[in-house]
Structures are given as structure tokens and as C-alpha cells.
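Down below are the structures I want you to see.
Same chain, two partners: chain A is paired with chain B first, then with chain C.
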Partner chain A sequence: MTHFAIETKDLSRIYKIRGNKKEKQIRKELVALENVTLTVERGELFGLLGPNGAGKTTLIKILTTLLAPTSGWARVAGYDVIQHPNLVRPRINMVSGGESSGYGLLTVRENLWMFSQFYGMPSKEANQRIVELLKMVGLEDRIHTKSSDLSTGLRQKMNIVRGFLTDPEVLFLDEPTLGLDVGAARDVRKLIRSWLEADKSRTLLLTTHYMVEAEELCDRVAIINKGRVLACDTPANLKRNLQRDAIFEIETSPLNGLTPQLLQNQPEVRKAALTDIEGGARLELILQEEAALASVINILTQKNVKVRRLTKREPTLEDVFMDLVGQKMEDVEKEEAPHAG
Partner chain B sequence: MQANPSLVLRGSPKVSGWRLFLKTIVARAYPRVIGMQREKSWLFFDVFLPMLAVSAYVFVYRAIGAPEEYVGFVVMGGAMTAFWMNVLWSMSSQLYWEKEQGNLALYIIAPNSMMAILLGMAVGGLFATALRATAIVIVGSLMFNVTYSVASFTQLLLVFFLAMTALYGMGMMSASLFLLLSREAWHISNLAQEPVYLFSGFYFPIKSFNFWVAAAASIIPLTLGLDAMRQLVFPSGASLGFLSVNVEIAVLIVLCVLFLIGAKFLLDYMEKLAIREGRLTESRR
Partner chain C sequence: MNRSETTRSFTMATWLGWQVESNWTDPFLFAVYVIIKPLASAAILVVMYSIITGGAYNSPLFPYIYLGNAFYTYVGAVMAGVSWAVIDDREHYKTLKYMYIAPINIPFYWLGRGVSRFLIGTVAVIVILTAGVLFLNVPLDLTQVNWGLFFVSLVIGVTMLAMMGLILASITLMVAHHFFLIGEAVAGALYLFSGAIFPLEVLPAWLRPVGYAMPITYWLELMRRSLIGDVAQAFPTLAQYSNLQLLGILLGLTVVFAIVSVFTFRWCDHRARELGLIDRVSNY
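For the complex of A and B:
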């Protein structure tokens, strides 16, 4: 048997979208995934990092047998997801952020028990495991609460427990901490780590658009945008490529029409991104040489922009993304990319 | 980090095959059965409200001097209405609601059979609705002084079993159909509700229709089921029956087979289409 938990080769997915009433005959195509080739080793915590609409969810849907690829192939736990979905399904589970699965009239325990039965778990073991897992996420006091009475965060914790409950070989978590408060997200991350520690053959594929989460949790990360994998490596290696660059964060007064493009036109300014903040702006710069900072400061001065704070910092995955895509992730999301999620 | 012992539970035997199939049926039936105990409003909506319609017909029949058996016909029709409502709103539209809630995708990726999920919905719905129907029969019979004279308990049970199997088979089939055809399942449910009240003869014997209309209406399992049950529990029922009980039993058997095979076929088709198109499992929220 292959030592890969997940393998994909040239995986593509194109959605055919019908036009509106006037354009009924016109069928548009959306490329959600384009020639994605990936391998994830057994025991690995692999992250897919990208903005909303990058193709992360489409990839998860294919890997969980919910969606057929347009071309290419994918194997999960050693089995082809299209040829042998019935061999893949007992070995996997999936949790999506913000899902409202289960039934509001049932208690937390009952909902979890119901889903465990669909995987053939003995009831006694399922109930025992439900209690233990709920304890681990701090939800044990809500075991007899109807799920309709849970807050969004608590409900998401219940969903996370549902994913771990059946003890899958490969677990897919699609934005698991979406909408969770800091404490709840920390509990979830702790459970993820503990689950993987407890059995080294378990594999977890996590999608997120939270850079810190990917950096903190993942053994390896694939950065995905517009359906294509732009880079795939350990967070440390991805950042290492940027370590020869100098990364600066500058807080300024309002920019008076200064654009990131103008700064990027300067020699040795590799990337510049701009975020509006209260009473001014924050510039993030990736410079080939520290010396290039002088020309940036010159331009700011010429435009009458005051520098309020200047920090040099270590590269983050956000910088890696900016370096690969040319924009910050939040800016890509704002652009309403026409790619399916 | 020290491995958490609670998480080292790997390798527990999980059942598969027919045992998984049965477990799935029980688990999916559970929310429906338990839901009735938790949500007591059904007593009002599913017993009191149908009794208003039943009462209206009873008063009309009594006012025009119709045979007293008609009162019993109406009470029995009122009880069977509960099953139709359950099939329409909690079976046919159910996969649509499951999709909207995000459950459909989870059902598909689980190793269980989707047919077991639908059977679980049907069994749970049937059990819960049987309680409502019994309540309507008891309340209606006491209110309007209906008397019964059962010709054959065996045949009565057989007709009820076949009518329910065919009816819920139809519900299972239409569950996939609604999902495939419909963006707004409740519109189709609304559309189907009243015509079935009329054509299945909930409040009058279908013999009142001409033969071909009654024959066409027999595609709805409740039509023949109700007609046969009325023939079996009221002394003059046979004279008001559409076909003989034995013929109706034979047709119901055919409908059972037809709808259950149709349900399996459409379910497989829906799942294939969902995987190919990627839309059917997506909630639109």
C-alpha cells in the first residue's frame, strides 16, 4: 500500500455555469482547480492556504468523494476517489466551518451518536468516546443541551467532535475555526494536535485562510490561489525563501494618492501592499535590499506622507502569499474572484 | 507532547453490510421519533387542525342526510391525511432540507447506504405519524360516534402495511426527484397537497369518480389503501368500494415494488449527478 494518505495528479475541476434568463444558452466555464498535483504523507498535518474562492473547498470535495474532477485523478488512503468511493468513505470524515449539520431537536450527545451510527460504531463505544471528546473541547457540560440552543462557536465544537468521533484515517477540516472566538479556536487547535499525536498514522488535511493557524499547526502548507497550487513546502522553508529579503511594515499618515504600484516600480522593491488604518495607512514592503528603504522613504516624503512607525520583521506566511500572488490575501478576497470555492 | 489516552481508541470494530444498514435506519429514524416527544405542538397542528376539516365534512354529510358510514369514511380519511402530509413534507422535501442544513453531503460521504437513510426517515416518520393518525381516529370516533365492524383483521393489517410501504416508497422516490427538479421544494409540496386530498378520496369514496379518474388516482397508494380499509371496517363499505379488496391488494403490491425500485434508481442517479455537477449537495446559504 502506498505511504501517501492523499495523492493527486493533474487534478482539475471546471464548473459549467448557466447564464441568466437572457443568456440561457450561453454556458460559462469556471476553472475552480487547475492541474493540482499534491502528495500528503500518512501522519502529516497538511494545510491548504488560500483566500476564499481559491479552490480549497473544491479540492476537499473531490477528495471526500463528493465531487468528480473534470480531469486528473486523486487517491485517498490508497484508493481512487472516483473508482472506489466505497473504500474511501469508511476511512475519512469531514468537518466544514460554519456548517449547521445535525438536528436542532436532538441534544449534542444524540446528534453525535446518530452520526457515529452511520459509520457503524458500536453504540457503547460511541457514547464513551463522545463524552471524552466533548471534555477535550470543553463542551462536556452541554452534552444534554439541544443543539439548537448552542451558540455558533459551541455548535462548531460539536461538529469538530463529530469529525474526530469516527476515528478516520484521513480527516478533512475545511476552515474549522471559521467564526470561532480566540479561546474556542485554541481549544480546536489543541484537539487537532492531540489527535495527531495519539496515533502517528492519522492524517489531517486542513484548509484555512488564517495564516497564523497554518503556520502554527501544519507540517507542510500548499498555497493555493485561483485554483492553482503556487507553492508547497514546510512553513519554515516557504519563509526561508524570503529571509534574504528585508520585510518592513510602515505606518504613515494618509497616503495622498500614493499607490503600492508606484512603490513597486522602484528598483529592489519586490512587493508592496497597503492597508487603510485609522487616520492613515500601513505599508508592507518586501525589499531585495534594505538600502531600497531609502528610496521608499524619499517617495513618501515627496508626497508629504509622514512616517509614524517603521518596523523590520521576520517573514510570515502572509508575506510568502504576497510574494507569490502580488497581493495580500485580504485584497484578493475583496476582489471577488470569479472562482468557485 | 504526551499523547492523550482518550484519543488512542483506534481499531474498534465497526460494523458493515446489513448491520450498518440497520444501524443507519435506526439512527436516522431516531430524530423523528424523539422529535415528537420534544415538540408537543403536533398535538395542535396534527390532531386538532385536521379534526376541523373532518368536522366540516361530517356536518355537511349529516346536513344532507348521507349514509352514516360516510362519517366513518371521513374520520378514517382524516387520519390517513396525516400520513400524506408526513410523506409530502417530511419525505419528499426532506433531501432538499438536508441539503440546506449541510447534512446531505455528510450522508453521502459516510460509508452507509443512502437508501438506509431514506428508509430511516420513512420508518421514523411512519412511527411518529401512526401516533397522530391513531389520535385522530380515537378523537374523531368518540366525537362523532363512529362504529366499526372489521371484516378481516389480517387483510386490514396487510392493506395498511402495503399502503404505507407503497406510500413511503413513493416519498423516498420523490425525495430524490424533488431535489433534482426543484430549487424550492416547498412550492412542489404545496402544489401536490390539495390535488391528492381530492383524488385519493380522503373525505368521500372514490367510487364517486368515473372509473378512469379513479383508476388514474390509484397511482397514489393512499387511494386504494384507504378504499380497501374502508371496505374492511364498515359494514356497507364493500358496496361503496372502487375495486374488490383483493384486486386493490394486488395493485398495492405492484405499487410497492414500483416505488421502492424507483426510489433506489433515482437515489443512485441523484448521487451520481450530485458528484458530477457538484451542485446538489451545496447549501445555497
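For the complex of A and C:
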């Protein structure tokens, strides 16, 4: 048996989209994943980081046997997801955040117990584990509540418990903290850590578009945009490449028509991004060297833009993303929003 | 096939199906649903019959229709019961994808989900038959019933209906939400083609083959014959077949439908996975 928990080779997925009634003949193709080649070792907490529409969910669906790839192959827990889905399924589990699935007419305990039975767990052991896990996420007082009476956040916690309940070899969490409040998200991250610590052969793949979550939680992170994996390494290594560079945040008065492109035209400015803030703008700059700051300030002065605050900071995964894609992640999402399905 | 996998798929699905089906806040309403609804539909048929025939309850045609209609309850109950789970899980509870990736046998899971409707259907059939004997002179004499034939036919027939339910469930996997009545719709359409309330001879000649290809036709005839032997004469074409011959035809067709259901499931499962339909929720 291979020591990889997940292995993919040139995995691609194309969605064929039928036009609406008027344009029935027009068939568009959308490349959701393109030649994704990844390996995840047993015991790893692996993160897929990317904006909405990057293809994260599509990849998870393929790995969990819900969706067939258009080309390429993938193995999970040592078995090919297309050839042997029946050998993959007993070894995995999956939870997607941001949706409230479950049988509303069953209690929290019944919902969880039923799934444990579908996985063939001994009933008594399952009930003990349900109580244990509910305690860990602070849901034990709701064990006998009908799940339809839970708030969406608590329902999501219940579903996350469902994923851990069956002790899979590989657990997939698709945006587990999406829509959760700060406290609930912390509970979930705590659960993730302690589950992985309890058994070093357990593997967890999660997707997120929260940079901080990927940074603090994951052993390794793959940055994914428009269906392609742009980089894959530990958060520290990903940031290391930027360490030589100087990263500045400048808060200014209104920009008077100055664009990030204009700044990026400067040879020493590697990347520039702009956020509007009250009464002005915030520029985030990745400079090849600190000395380049002078020319940036020069341009600002020429355009009559005042500098209100200037900070230098250590690189974050956000900067790594900007460096790879040329845009901040939230700007990519704003652009995608009108087309996203 | 892993036996314990199929067993737990079926039994847990049965448990879940019962929870879903009996989820009536008011037990009285549940009783109304189980008892009054089937009685009402039988009553409509009886009224229509009496208007058309001028109240000829002693004609063999009456028990023929009454029994055919009573047992037809199973057709809707089992077919819709099995196939409804797909829509319910995908659209309503949003759990289909989690069931799908669980180590279960999906066809056995669907069959299990249909059990509760089958049981409720059984209550309905008993209620209708009892009402018929008590109030409408349906000549059902429990000492004259061919119980062996009855139970063998019932078991094969329900298996056959379950296989048809599986075919529908597989197709449902592929189609959108607005086909949510597919089970009832197919049951409704077949009502006219399976000799439930009139012999196939009444149909135009070019439509009869549909009825003769349907195992339901032979099954209903067997149910009638086992309960009231001489009703068989009301169905001229099938009268030339012996009970054993009918049973053989029913069994043969059931095997055919079982094989078709396996291949339909495999194909639909494969296509649904290719097209990404397992977790698709229609945006209504």
C-alpha cells in the first residue's frame, strides 16, 4: 500500500454548460480544474486555498467519488476513485460547510447515529463517540434537539461532527468554517487539530478561502486559482520566496486617478493592489527592494496624493497569492462574482 | 456483494423511511391519511361503477374492479416509495451526496426507504378489502382463499414493483426536480394498462400489448384468483392460463425487470457521476 493519502495526476474537469432556452445550441465549456497533480502524505493536514470559483469543491467532489474527472486520475487511501469507489468510500468522509443538510425531523443524536450505522460502527461505540465529539464542539446540550430546531451554525457543527464520527483514513472538509461565527470556527479548528494529533496516520484535506485559516492550520497549502495549482508547499516555504522582498501597506488620501497598474509599471514594483477605504485608499505593494519605496512615494507626490500611514510587514499567504496571481484574492472574487454559478 | 453492507443499508434505510413517513405531529391525522384516503378513492370508484352499471354489484365485474383497484394501491406505494427517496434526500434534506459516498449499497438503501410506504399501503389494502366485504358484498370468503397462491403471488409481485421502483429511482437520479411526481405519474399511467379496473380487451388493439408486457397485469389477476377464484372469468384473455402459468409469466417478467433495474442503475449512476448530478439542487 502506498504511503500517500491522496495522489492526483493531471486531473482535469470540464463542465459543459447548456445555454438558456433562447441559445440552446450554444454549449459553453467551463474548465473547472486543469491538470492538477498533487500528493498528500498520510498524517498531513493539507489545505486548498483559493478564491470562490477556483475549483476547490470540484476537486473534493472528484476525490470523494461524487464526480468523475474529465481526464487524469486520482487515488485516495491507496485506491483509484474511478476504478474502485467502493474501496475508497469506507475509508473517507466529507463535510461541506455553508449548507444545512441533515434530517430535520431527527434529533442531533439520531442523525449522527444513523450515519454511524451506515458506516457499520458498533452502536454503543458510536453513541459514546457522539457524546465525546459533541462535547468538543460545545453541542452536547443539544443532543436531543431535533436538528430542524438548530440554527444553521449549530447544524453545520453537527455535520462537522458527522465527518469525524466515522474516523476516516482521509477526511475532506470543504470550507468547514464558512458562515460560522468566530467562536464556532475556533471550536472547529480545535477539533481538527486534536483529531489529527490523536492518530498520526489520519489525513485531512480542507479547502478555505480564509488566508489566516490556511496559514495557522495547515502543514502544506496548495494555492489554486482558475482550476490550476499555482504553488504547493508549507506556508513558511511559500512565504520564504517573498522574504527577500519588501512588503508595504500605505494608506493615502484619494488617489486622483492613480491606478495600481501605473505603479506596477515601475520596474522594482512587483505587485500592487488597491483597496478603497473611507476618505482615501490603501495600497499594498510588493517591492523587489526597499529602496523602490522612494520612487513610489515620488509618483504619489507628483499626483498630489498624501501618505497618511506607512507600514512594512512580514509576508502573509495573501501576499503569496497576490504575487502568484497579480491580484488580491478578494479582487479575484469580485471579478468572478457576476459569472459564478 | 458484501452481505453486511447490504443488510445495514436496507435496515437503516427502513428505519429512516419510517421516521420520515410517520413524522406526523398529530397521530389522528396520520390515521386519517392511512385509512380515510384509500377508502375515499375506493368510494369514488364504487360510485362511478354504480352509475355506469346501475348498481350491478352481483356481476363478477364488480369484485374484479374492486380487488384490482385495492391491490393497485401497492403499485403507487412501492414505486413512489422507493423512488421518492432520491428527490427527498437530494432536494429536501441535502443528504444524497453523503449517502452516496457512504459505504452503503444504494439500491438496497432505496428499497429500504420504500418499506414504510409498503406497510402503510398494506394497511390501506386491508381497510379497503374489509370495507368491501362488510358493506359492498364483495364475495371474499376467507375459508375459500388459496393462501399459498396468495402469498407467493404477493411476494413476487411486491418484488416486481420494487424493481420497477428501482428503475424509476435510477432515472430520477438523472432528471430535475419537476419530475418529483414521477412515481405517482407512472403508477397512474399504468393503472389503465394493467387490467386493474377493466380487462385489456376494452383497450384499442394497438394499446393492449403494453398491458400484456406489464407484469402488474398478471400479478393483479393472480391476486384476484387467489382470493376469489371465479372472478378470473371476467378477464377473457387470461382465462386460458392456469394459475401456475400466470405465476410463471409473473416470475419471468420479474426477473427481466430485476435485470433491467440493475443495468439501469449502473448506467444512471455512471452518468450522474459524469455529469455531476448527485448533489445538484434545482434552483426553484
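Heads up, the rule we're going with is that the second predicted complex is superposed on the first by the 336 of 341 C-alpha atoms of A that agree within 3 Å, B and C clash if a C-alpha of one lies under 4 Å from a C-alpha of the other, contacts with A are read in each partner's own complex, and residues count from 1 in each chain.
In the analysis below, a residue touches a chain if its C-beta (ideal position, glycine included) is under 8 Å from a C-beta of that chain, and two chains touch if they have at least 3 such contacts.
Predicted model only: the values in this text are computed from it and were never measured.
Colleague: Assess the superposed three-chain arrangement around chain A: do chain B and chain C clash, or do they fit?
Modeller: clash
Colleague: Answer with first, second, both or neither: which of chain B and chain C does A:Ile92 touch in the superposed model?
Modeller: In the superposed model, A:Ile92 contacts both chain B and chain C.
Colleague: What is the contact status of A:Val188 with respect to chain B (first) and chain C (second): first, second, both, or neither?
Modeller: So A:Val188 meets neither chain B nor chain C here.
Colleague: For A:Gly120, using the defined touch cut-off, is the partner it touches chain B, chain C, both, or neither? Pick first, second, both or neither.
Modeller: A:Gly120 contacts both chain B and chain C.
Colleague: What is the contact status of A:Ala74 with respect to chain B (first) and chain C (second): first, second, both, or neither?
Modeller: Neither partner.
Colleague: In the overlay, answer first, second, both or neither for which of chain B and chain C A:Glu132 touches.
Modeller: Once the two structures are laid over each other on A, A:Glu132 reaches chain B alone.
Colleague: Once chain A of both complexes is superposed, is A:Thr64 in touch with chain B (first), chain C (second), both, or neither?
Modeller: both
Colleague: Regarding the shared-chain residue A:Ala198, is it in contact with chain B (first), chain C (second), both, or neither?
Modeller: In the superposed model, A:Ala198 contacts chain B only, not chain C.
Colleague: Decide which partner touches more residues of chain A, taking chain B and chain C as the two options.
Modeller: Higher number of touched chain A residues: B.
Colleague: In the overlaid three-chain picture, which partner chain does A:Leu180 touch, first (chain B) or second (chain C), both, or neither?
Modeller: In the superposition, A:Leu180 touches no partner, neither chain B nor chain C.
Colleague: Should A:Ser101 be classified as contacting the first partner (chain B), the second (chain C), both, or neither?
Modeller: After superposing on A, A:Ser101 lies in contact with both chain B and chain C.
Colleague: Name the residues of chain A shared by its contacts with chain B and its contacts with chain C.
Modeller: 15, 61, 64-68, 86, 89-90, 92-94, 99-103, 105-106, 110, 114-115, 117-120
Colleague: Inside the complex, what are the residues of chain B that reach chain A?
Modeller: That would be residues 1-10, 12-16, 19-20, 23-24, 26-28, 30-31, 34-35, 38-39, 101-103, 105-112, 117, 274-276, 278, 281 of chain B.
Colleague: Chain C touches which residues of chain A in the complex?
Modeller: So the residues of chain A touching chain C come out as 15, 61, 64-68, 86, 89-90, 92-94, 99-106, 110, 114-115, 117-120, 162.
Colleague: Which chain C residues qualify as touching chain A in the complex?
Modeller: For this pair, the touching residues of chain C are 4-5, 8-9, 12, 15-16, 19-20, 23, 93-95, 97-104, 273-274, 276, 278-279.
Colleague: If we count contacts the way the header does, which residues on chain A are in touch with chain B in the complex?
Modeller: Residues of chain A touching chain B: 13, 15, 58, 61, 64-68, 86, 89-90, 92-94, 96, 99-103, 105-106, 110, 113-115, 117-122, 125, 129, 132-133, 135-136, 146, 164, 166-167, 193-195, 197-199.
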